[in-house]
Amino acid sequence: MANAPLDRSAALLSKLSAVRLLAMDVDGVLTCGEIEVNSDGFETKRFHVADGLGIQLCLLAGLQVAWISGRSSEAVSRRAAELNIPHLTMGCANKAKAVAELIGRFTLQPENVAYIGDDLNDLPALSLAGVRFAPSNAISEVKALADMVTERSGGCGAVREVCDVILKAQEKWNGAVEIYLAGLLRP
Amino acid sequence: MANAPLDRSAALLSKLSAVRLLAMDVDGVLTCGEIEVNSDGFETKRFHVADGLGIQLCLLAGLQVAWISGRSSEAVSRRAAELNIPHLTMGCANKAKAVAELIGRFTLQPENVAYIGDDLNDLPALSLAGVRFAPSNAISEVKALADMVTERSGGCGAVREVCDVILKAQEKWNGAVEIYLAGLLRP
Amino acid sequence: MANAPLDRSAALLSKLSAVRLLAMDVDGVLTCGEIEVNSDGFETKRFHVADGLGIQLCLLAGLQVAWISGRSSEAVSRRAAELNIPHLTMGCANKAKAVAELIGRFTLQPENVAYIGDDLNDLPALSLAGVRFAPSNAISEVKALADMVTERSGGCGAVREVCDVILKAQEKWNGAVEIYLAGLLRP
Amino acid sequence: MANAPLDRSAALLSKLSAVRLLAMDVDGVLTCGEIEVNSDGFETKRFHVADGLGIQLCLLAGLQVAWISGRSSEAVSRRAAELNIPHLTMGCANKAKAVAELIGRFTLQPENVAYIGDDLNDLPALSLAGVRFAPSNAISEVKALADMVTERSGGCGAVREVCDVILKAQEKWNGAVEIYLAGLLRP
């Protein structure tokens, strides 16, 4: 809640209205940052069901969503497929370049991009984005750069908070929820 | 404890006395909401041993118990089988419809149904139920609708709290515990 | 810390001095109570390294140690084997009977038995034991019966706390640590 | 934060400047201490992505890094390989001997060694090291010996805190981050 008065400020609301692409890191943002290594060399990832629902709402509201990970994991690509994430980049050393490519492909301006990151390797991509989010577990250097620090930590609903705040600022939340619930109630 | 004075109110006790069916969501209610994806595409689910015991007490006391999940998981069906859950619905988009079918099958009234949910996709089913529970990790829209918010979060004993409060309101808790312990002590 | 003044009381110290057998439940005591179900039907258990060390100290000090679980799990038997737990009972509905058998086998009195449990199905065994421990996550009925409630929860070092308090009350802690460290330093 | 005034003291800064080798325990330091046992006998380990990045910075700054574990695990050797840990010792009963060998191999003095440990079996190695770190989850005997207790617990970023504090004391942090980020931005 540290940033609460600022978060809801007119300046932030104005920034949030411009967002067309929501890009995010994976480890520490969509997960709590644990690297769960099995003996067979496979990795297990623990995502959060609430983040998945928030991302679905963003997609229903017409936002672009991108996952950009410095690592590669079959578990990440499986979860991305389940959620129909349109843009998945894995094994990506240069996340800023990945964001720049998306900006080019969709003819966006930096102010149309929101980015969620938690650590040093997210700083270049965060610097590129017009709206910068940090989960509560982010390092201080990232938090210092962030327009908003979420109350929840990565893997525990941080991404959902970001989805909700963007959709509400754009007055698209009620509409997205209605479409979502109507889809559920379809016979 | 936020709702404690209200929780134990005469109005809630009266509502709890009418419960014949305890229906609940899975992810975020029987688990903490983590979607644990392995590289081989299988999912691991982490249930809580205390919830299992609470559900056993409800069954011993003659309540119907239903698990209704929007997702499908072999881990969920295995745990349901171990606990002899009589009604398991998976891959269910329309949870309200699933609840309505159970109401029809057992010739119940809505006031005979308690439902535990944590997120937007539980709202229609929650609205149908006479008694509405939210684990502490539920979103604010669900909590606003809830008759009682548990102290524990999903996957950490939230369901046990609901089982205990229903059985105690119905004065069936002591009897169920006696039957349960007698079963354990049988040679 | 709720019970701290009582815990260290002369009455408790006297009780602890008599302990010859430390028996304990598994789920919720040696683990946090999560039942982690994989799709292939296998279960994963998460023990704590600090509990393992505490149990090793108890064995070095000449105490008997028993694990008594209502469930059966290959993961439990593997961890028990690694720690050389002398008495492992799994799939045990009647834990009180299992404790009574150990009392008979070693010609003990109830006051020589310490038991750690967290839920209803531990009540009969707890009632049999001379010294009763509850981890912080135990249900209120178990805590009400306990001589001491640990500060740590099950799976997070609760068992280590019990090991330490027994060995220190018996003035065997320093000796056990010396033997343990000497073993480590052996070339 | 308990030790904060002391941590940043001139005495500690002076000690930190001398560090050339950062050695650490694995269970309870690089993980939260959970021993996650699968039914097939394999173990899963959960490391933290932030610790990995901190260790990479230390290696970029020219420090030696060693992992010394009393246990053996394929998951540990896989994570060590991914991070290019130069010195990995597993199944090590005598950690002090392992530290002494590294001191000999690199012609160091004890004051050039920092060690992070959390339990009794780390005491001999900690006693040998010039700078001693304990994660917040360490036992009191280890904390009593520590020059600094981290705010984060093992597996949740404790090692990252140690990496940062050493590199900042040596005024190598900015440089290491620059090299690290330049590597990421390379086309």
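In order of appearance the chains are A, B, C and D, and numbering begins at 1 in each one.
One rule holds for everything that comes next: contacts are C-beta pairs under 8 Å (C-beta built on N, C-alpha and C of every residue); 3 or more make two chains touch, one makes a residue touch a chain.
If you're wondering where the values come from, they're calculated on a predicted model, not measured in any experiment.
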Degree value of the rotation bringing chain A onto chain C, based on Cα positions, nearest 5: 180
Which chain has its C-alpha centroid farthest away from the centroid of chain C? A
Across the interface between the identical copies chain A and chain D, with over half of residue numbers shared counting as same and under half as different, the residues used are different
How far is the middle of chain A from the middle of chain C, if each middle is the mean of its Cα atoms, in Å? 44
For chain A paired with chain B, centre-to-centre distance based on mean C-alpha positions, whole Å: 31
Among the residues of chain C, which are close enough to touch at least two other chains? 38, 44
Where on chain B does chain C make contact in their complex? 38, 42-50, 52-53, 73-75, 78-79, 155, 157, 177, 180-181, 183-187
For a test of understanding, state which residues of chain D touch chain C in their complex under the given definition. 27-28, 33-41, 44, 93-97, 118-121, 123-124, 137, 139
